[in-house]
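Attaching a single structure in structure tokens format; questions to follow.
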Amino acid sequence: MKKLINRVDDVVPESLEGVGLAHPDLVKIDLEHKVVLRVGGPRQGKVGLVSGGGSGHEPLHGGFVGLGMLDAACAGNVFTSPTPDQMEFATRAVDGGAGVLHIVKNYTGDVLNFQMAADLVNGDVEVASVVTNDDVAVQDSLYTAGRRGVGATVLVEKIAGAKAEEGATLDGVRATAEKVNANARSMGMALTSCIVPAAGTPTFQLGDDEIEIGIGIHGEPGRRREKLVPVDEIAATLVEPIVDDLALSQGDDVLAFVNSMGGTPLIELYIAFRSVASLLADRGISISRSLVGPYITSLEMAGFSVTLLRLDDELKRLWDAPVHTPALRWGA
Amino acid sequence: MKKLINRVDDVVPESLEGVGLAHPDLVKIDLEHKVVLRVGGPRQGKVGLVSGGGSGHEPLHGGFVGLGMLDAACAGNVFTSPTPDQMEFATRAVDGGAGVLHIVKNYTGDVLNFQMAADLVNGDVEVASVVTNDDVAVQDSLYTAGRRGVGATVLVEKIAGAKAEEGATLDGVRATAEKVNANARSMGMALTSCIVPAAGTPTFQLGDDEIEIGIGIHGEPGRRREKLVPVDEIAATLVEPIVDDLALSQGDDVLAFVNSMGGTPLIELYIAFRSVASLLADRGISISRSLVGPYITSLEMAGFSVTLLRLDDELKRLWDAPVHTPALRWGA
Amino acid sequence: MPALASTTVFVTEGMIEAWLRLSATRLRERSRELTELDQAIGDGDHGINVDRGFTAVAAMLDGRSADPAAPAPDVAGTLKQTAQTLIRTVGGASGPLYGTFFLKASASLAGSPQPTLGDLIAALDAGAAGVATIGGGQPGDKTMLDALTPALSAARERLTSGAVDQVLAVAADAAEAGAAATIPMQARKGRASYLGERSIGHQDPGATSSAILLRALADSFQG
Amino acid sequence: MPALASTTVFVTEGMIEAWLRLSATRLRERSRELTELDQAIGDGDHGINVDRGFTAVAAMLDGRSADPAAPAPDVAGTLKQTAQTLIRTVGGASGPLYGTFFLKASASLAGSPQPTLGDLIAALDAGAAGVATIGGGQPGDKTMLDALTPALSAARERLTSGAVDQVLAVAADAAEAGAAATIPMQARKGRASYLGERSIGHQDPGATSSAILLRALADSFQG
């Protein structure tokens, strides 16, 4: 395992410290609770947004703390949900009297820990939560853990963040977050595995000509293993189930988010974006907003994911609203 | 070789197309010349900024075309300087009567091709050029090709771009670009090699516990090969020669730019930033601006580089000025 | 320990501490194996998670016994502190699940200052029920319940007839058999459920760590 | 070809075309080898670069001959078009350098409608001088000049006494020896100079491609 680290146990706290040192104007770090907090909080009267999850997905979530996005992000160990006490601390810290929205990716651990945290602040802070579950690689079923939360989480954080910044109520912010999640679907693939620092070995092994289709963001195995094919074909494999599941059709307007899993460089990511754009153009679906880059990653994994969000005027306005965080910035 | 591509020969044009499709509000692509152009150009009375170089360093240079930065970027084949006709096209396309600055990284190929391009437009367009040469891993000498141009190039493009946007003359913009280059130094390292698509095999081989210190941005071998050590030690190896060469001392104020070589994820990059920040704090040097991310890369190479720029009030003002490009955006 | 009829045997706080410490040792020893199981059908952290959690439990026990002002602990109190420690340090799915397991077990013993082995088995049963409630799973879903549930029903069956070590040995045996029986199952809960049919053919990491806990229980009470 | 004293032998445009086409074939065959040399002390693209360039030169020649309206080409014109093609398609350091080489050679022949072999050698000499001027290098710097310079001086020496094939064979021999002699050198120009002492022990890719060009010259004129 070759990583730019000091000690395996220090990976998460030292990385958080780095974020704090690089962006002192935007965030402050509570190292005891491993929470990234927006400077100047809590904001009276504004709904607070708290997210969090296992580390290893940077810039998610800590890189999205700031104006127009999150108020706090809880960092777990690598690929391990943070604990209720972290979430409790974050929730209390950002409550400005208007309540707090928990943005939770749909994994058993995240859901259970956020639920425990909500129980812990019950009576003190009004908490609502939205669970993102956009990964079409996973069959949705009442009898399983359901779909995973992946790329849509970034879009929920941006758009719900803008809604909260506008002064919406907790119910209003929650409804917007749910609207984004309901209108977004994702699917990803990997060229290589990632290495959990504490494990020290790759989570899975892929042959020199193999790829994993339907990968999650933790190196968990995907739908199937395939031979490497041109990216145009890979993109079709990812885009089709998304388009089907969202029932996108001619004339629809989407935000296209092409995300690097961490180790894939921009030169390749833009080729993938081109593939996605041409598949959508073929179907008469227009891309009126786009996001290309590493925003929800799996450590050093090479690969990419595609997230499509069906847009309407409200979502466009909220997407375009100012945002100023370590990883996403415009209009401010 | 596992890459998200279609055909090796299409890597550069398809990636450029992707940039154009993702950012139609900012750039347009001339595929014939493989040039990324700022929309709405040429701008009358504004000095035009043209850069370019081999591909594989994305977002450099095409990702820096837009408000407050470049007017055009010429894309060569991977790691191969573009040709004079591309540069001639770009230079003519962006000239708004106030002349054009060529921003050239100091490599024999880039220097010679840009020189030929300048000769080709001689008499039609007033051209000045700045050659960046900030890499302290290379001994500077009159009898060699001198130091390489690396991380400072990003800073030159941003700051000279802001100067041009302010309406400065060609001489003024050139002087600012030279000031940035004179006050910036860099050094990089690699954990892994990169693979030039047309070559299909890694440019170099590193053992499972080896790193390359003083790597360039083309996978060219560095100063020496070492055993992997904690990132705090690696950072010291990179920072010390930079601090010495810039003669930075207590009370100085710098921009700290910690750059991913392409395959290194943000979680590690922020740990590296923390190391750099603590080394500078030890010396009483304060970081008043920072940039952390993949901005000048070497395909999928894992590793990082450090660039320090000594700041004064003018450089801070120009750094803070609005910029709106695919890869760098604030204030607009 | 002599082969007493187990219903009448008292469970002391020291026995619980011994169990927790032996569990911590065993989970550390087998952490890599658990992580490898989790790499196959999960995200490769289960061994790391439970090792971190039980190391913290052992540290909590050490800290407590080094503190002269700490009140004398009882079984329910130790189980509760164990739950709190796990919830605070493990994270992931197994943190709340094992946390709930110990929390519900503790609650079930709250009124028993001198619990018998029967009380302990009933308490662990309550713990397993808590896991089923918050996780929404049941035996056959390829989770820790596939080790816990058969282990506790085997123990219950043996309770009136068997000696302490027999009761806990059959529980540990059943837990190990239950963990092995997860191999052909298709996961319906937790991260492995994302795999659908590809989850078949691998042993569940959580069922395996549960079997380790039950074997440690048998071994520590016997010792 | 009979062994005429080479100074009096005329060089036809067809001979130049044959040379360029053979060069394209050889560079393609040895592209990987050149790239591997460049991986060791450069950026791993030299074989790709010269292959791309000379493939374009061959295509240029094909296009020209397929075009009935194209004027009959002469030696200087073909060398100039070669230069332009290389400058437009190669990039990197070798693009302008080989481009200059052919451009200066063409300029030197501009006044000779019927150049002799001696004129060609003098023209290539002018080309090498052009490389030295724009690149700022000299023999011993571990560059293409370490093949070109000894090759052209060996050819010059043989010119009055030797037959055509001898002149060009000694040039090719000297170019290959010159390329091999770059192995112990420390690079002072181009990308390999960044390596300092670590450039020692590797053969220069540009010197190697230059030797390939000169061997192709000898072989094509002989054939």
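Per-chain numbering from 1; labels A, B, C and D assigned in written order.
Everything below uses one rule, namely that a residue touches a chain if its C-beta (ideal position, glycine included) is under 8 Å from a C-beta of that chain, and two chains touch if they have at least 3 such contacts.
Here the structure is a predicted model, which is why all the values come from computation and not from measurement.
Chains that touch both chain B and chain D: there are none.
Remark: chain A and chain B have CA centroids separated by 29 Å (rounded to whole angstrom).
Averaged Cα coordinates give chain A a centre that lies 33 Å from the centre of chain C. The geometric centre of chain C is 77 Å away from that of chain D, both derived from CA atoms.
Remark: chain B and chain C have CA centroids separated by 55 Å (rounded to whole angstrom). Multi-chain contact residues of chain D, defined as those touching 2 or more other chains: none present. The set of chain A residues touching two or more other chains is empty. Of all possible chain pairs, the ones that touch are A-B, A-C, B-D.
The part of chain B that touches chain D in the complex is made up of residues 54, 76-85, 107-109, 112-113, 115-116, 137-139, 143-145, 148, 196, 198-199, 201, 203-204, 216, 218-221, 223-224. Considering their complex, residues 35, 39-45, 48-49, 52, 87-97, 99, 134-135, 187-191, 193-196, 198 of chain D touch chain B.
Residues of chain B that touch chain A in their complex: 2-7, 11, 14-19, 21-23, 55-56, 58-59, 63, 78, 191-192, 208-209, 211, 228, 230-232, 234, 258, 262-275, 277, 287, 290, 292, 294, 297, 299-300, 302-304, 326-327, 329-330.
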